[in-house]
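In what comes next, chain A is part of two complexes: it sits with chain B in the first one and with chain C in the second one.
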Partner chain A sequence: MKVNYFISDIFYVCLRDLKHYLKQRVRIMATLIQPIIWLVLIGNLMSGLTANPLTLKFLDAPSYLDFMAPGVMVMTTLFTGLFAGVRVVWDRRLEILQKMLSTPLSRTAIPLGKIAAAVVQGNIQVIIVLLTALMLGVTFKTGLAGIMVILIFISLFCSIMASISIALSVNIRNMETFFALMNFITMPLMLTSKAMFPVEAMPGWLKFIAEWNPISYAVIPLRTLVTKGWDWTVIWQSLIILCFFALCFLAGAVFFFKRARA
Partner chain B sequence: MEVLQLKNVTLTINDNHILHNINIDFWNGYVHAVSGPNGAGKSTLASTIMGLEGYREIQGDIIYQGENINDRSVDERARLGITMAWQDPARYEGLTIKDFLMASAKIKNEDNIRDVLASLSMNPQQYLKRALDKTLSGGERKKIELASILVNEARLVLLDEPDSGIDVESLERIFESIRLLKKRGTTVILITHSLAVLQQADHAFLMCSGEIIDKGEKEKIVKYFENKCIPCPHKNIPDEWEPAVGK
Partner chain C sequence: MKNIIEVKSLSKIFPGKITAVNKISFSVKQGEIFGFLGPNGAGKSTTIMMLTTLHLPSSGTAFVSGYEIKKSPRSVRMQFGYVSQDLAVDDRLTGYENLFLQAKYYHIPNQTARERIKILLNLVELEKRAKDLVETYSGGMRKRLDIACGLIHRPKILFLDEPTLGLDIHTRRQIWQYITDLREKQGITIFLTTHYMDEADSLCDRIAIIDHGVIKVLGTPQELKSRLGGDIITLDIALTHVAKIPRLIKLLKTLTNIKQIKTAKTKITIVTLHAESMMADILKIIQKNSIPLEMVMLKTPSLDDVFLNFTGRSLRDEAGNREQAHKARRMLRRIRS
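What follows is the complex of A and B.
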């Protein structure tokens, strides 16, 4: 009975955020168009620039577009995940959080429900990126089964990012601060990862950061699935590492949310 | 026996004593009223009891069922059985009324939710599927807020101006709900400056300028209303200030 209620609490929190998401037409349009711009503009441009045997060896992929598509999926997830905290800041401003807390609704269910909503959004957006990539001629070496595995990786990565966002949002009282903080985090995180550029082309210090960057753990298995095939060592290794991180960050998000003053 | 006691509770915001040395005993199972003019500090008192953000830094003690709950957070207090209906309900958007009430309910049972809505003269058929958003009228939102309290089954219920924006027929239904709560053994604290709501209480407190200035049988407090008199010098208004129009 108790477990039942806990799950339904998570469900209601998640449902509420998802309904809100689906109502924001402009935001959805923007998030749909953005990866298309990345792929069509940067992807095609760089494909032209890198269409020589030497750079293709760096990329270790059929083309820059194939190389970049997994990166764009992870970037899209990164932004969606890091957006999750916005809803906490809003709910607090509108006193909805106080109302939620004054009911029997489980306090743990609130961050978990919001993270679940972010994961669903991340999957929706990545599916759009996948379709765009397919239309642009990216071939998925592992086919439909590979795409399923990609979505598992995306879900894990999204929950990590959403957890970070929620943990950071609990003590923030206004939107501007929140966005400034998120901008501050995303750019360096993105540029020091293996998402956009091959690690072989990086200077030593950057290579070192990229190895440890959490984004890399999501990009590498995705790239393997798209451009190479079923390399189980890479897949299992990243899966275990991401699962471990996801659990730690989820626990962290719940901890910080519960510890917050409100 | 008292379920909730406030002992020398003082709340200071920006050097103003919004609540000043409040001592109240709320007896278990009674319907209490806290009355007083606008700005007296009634809603602040409710927020302090609920432990909302910004109302936690108090002097004095809040004792609930014999336990000091000063350091307890909102959700901890909610789990101990305290809940509150806001004077101005939050715009809890995104869910249908049914989902919202399910999420607020202690026992998640749809029939129960239907009964509660019907008891507030809201047709469940018509409302359950509706979104909880700005298309609801002010009075409807107030009633949904009250419904969320009724399904919560708390031990101590704070109702901040349950009558504001409510029509005559629905007001009677709300009074019935209050009687129902009492019958269940719930302690109710009504915050009001309406005579009709005050009449529903067993016992009343009169508040002015952040202080409790009188308490007793409701008849005693009702007298203040009848005389249209506010017995304390209004601290909010400086002595030298006089309205220009009257001169």
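What follows is the complex of A and C.
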């Protein structure tokens, strides 16, 4: 019975966030168009630069677009995940969170439900990126099964990012602070990862950071699945590391959320 | 009657050494409408938030329907409905969706939820707008929806933090009606806070006046008013008959229930606990002695006088500020959409 209640709590918290998401038409349009712009614009802009044998050797991929597509998927997920905390700040601001906290709703289920909603959104958006990439001629070496595995990676990565966002949001009372904090995190995190540029082309110190950057753990297996094929060592290794991180961060998000004052 | 809420020496000290609530003790009886009356920052909301397990008390304790707030918060949460000071309804969802989610937070089965929502929508007169986004609701409609949300699980106790703040007179009356009906028909105990004197006076069975986190006085509105001495009757005797005043006073003193009689020139002031019933007797005496009256005045002390007496300031001056603060808060929310 208790377990049923807990699952139901997560479900309805998640449902509420998804209902909100589906009612934000402008935001949905923006998140749908953004990855298309990324792929079309950057992919094309760079094609002159990247279509020479030397760069392709660095990229280790059929084209820059093939190289970029997994990066764009991870980046889209990154933004979606980090947006999760905004919901906490708003709900607290509007006292809706307080109202939820005064019901028997499990206090562990609230952050988990919000993270679940972020994961669903992340998946929707990544599917859009996937379709765009397919239309632009990116070939997925591992086919439909590979895409399923990609979505598993995306879900894990999204829950990590949403957990970070929620843990950071619990004591923040206004939006400006929250967005400033998120900007502060995303830019360096993105640019120092293996998402945008091949690690072989990086200077030593950056290479070191990129090696440890959590984004890299999501990008590398995705890139392997798209451009190389079933390289099980890479896939298992990243899967275990991401699972481990996801569990730690979920626990962290729940801990910080429960500790916060109303 | 049984006490449904027992508060024992409850305190809340916020970081920065702000003592919002300072060792208050009181109890609320089952089935009564209990009011907290106090100015801005008195600690009304903080008290409610401790009783609803939203804030952890710094010291002291409270029992809500037999459950201790610190030891069994989850059981406490099943006992009450909470309607916060701000309009905590989800304006991106419809009225129906708001109620349905609230039902699910209390793990009410879908079929039961649907039935109850129908009844509640009917109660707060929102059936026609149930499928519209709350965004399109007026302030009064939102408040009514919020109250309906607080009732979805049929709670024993309803906490209403300033239920009529910022509403027009018609909507306020309507909400008073719901509150009295809930008590009459369903026996729900109601704990409300307010800064409106008339609201406390006409709605509450008992009132606690709270200021700077301390309960200054507690009792029925009638008791509180009589603490000030009672009602005051003033008689103004025609100048031509001033000579008869001493004899009149002697006669008046024979009446029971008179606490005090004073004279000043042509005026006689009588302090009594039961002015309405005394009035007839007094007038009878005056008529018998054929004394012409210039004027008769009856003044019942208002809760405002009580408030002034116990806190040293008038609540009326605060009212304007509060409305402004509330408006500012509502404006802030609009920025979102």
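Going forward, the second predicted complex is superposed on the first by the 262 of 262 C-alpha atoms of A that agree within 3 Å, B and C clash if a C-alpha of one lies under 4 Å from a C-alpha of the other, contacts with A are read in each partner's own complex, and residues count from 1 in each chain.
By definition in this document, a contact is a pair of C-beta atoms (placed from the backbone, for glycine too) under 8 Å apart; a residue touches a chain by one contact, two chains touch by 3 or more.
Just so we're clear, the structure is a prediction, and the values are computed from it rather than from any experiment.
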item: Clash-or-fit label for the pair chain B, chain C on chain A; value: clash
item: Partner chain(s) touched by A:K207 [first = chain B, second = chain C, both, neither]; value: neither
item: Which superposed partner A:D9 touches (first chain B, second chain C, both, neither); value: both
item: Partner chain(s) touched by A:K141 [first = chain B, second = chain C, both, neither]; value: neither
item: Touching partner for A:D17 - first (chain B), second (chain C), both, neither; value: first
item: Chain B collision site on chain C, chosen from 76-84, 238-246, 256-264 or 274-282, when both complexes are overlaid on chain A; value: 76-84
item: Chain A positions touched by chain B in one structure and by chain C in the second; value: 5, 8-9, 12, 15-16, 19-20, 94-96, 98-105, 261-262
item: Of chain A, residues touching chain C in the complex; value: 5, 8-9, 12, 15-16, 19-20, 23, 90, 94-96, 98-105, 261-262
item: List of chain A residues in touch with chain B within their complex; value: 5, 8-9, 12-13, 15-17, 19-20, 92, 94-96, 98-105, 107, 261-262
item: Residues of chain C defined as touching chain A within the complex; value: 49, 52-55, 74, 77-78, 80, 82, 84-86, 88-90, 92-93, 97, 101-102, 104-107, 149, 333, 336
item: Touching residues (chain side chain B, partner chain A) in the complex; value: 50, 52-53, 56, 73-75, 77-79, 82-84, 86, 89-95, 99, 102-106, 108, 148, 152
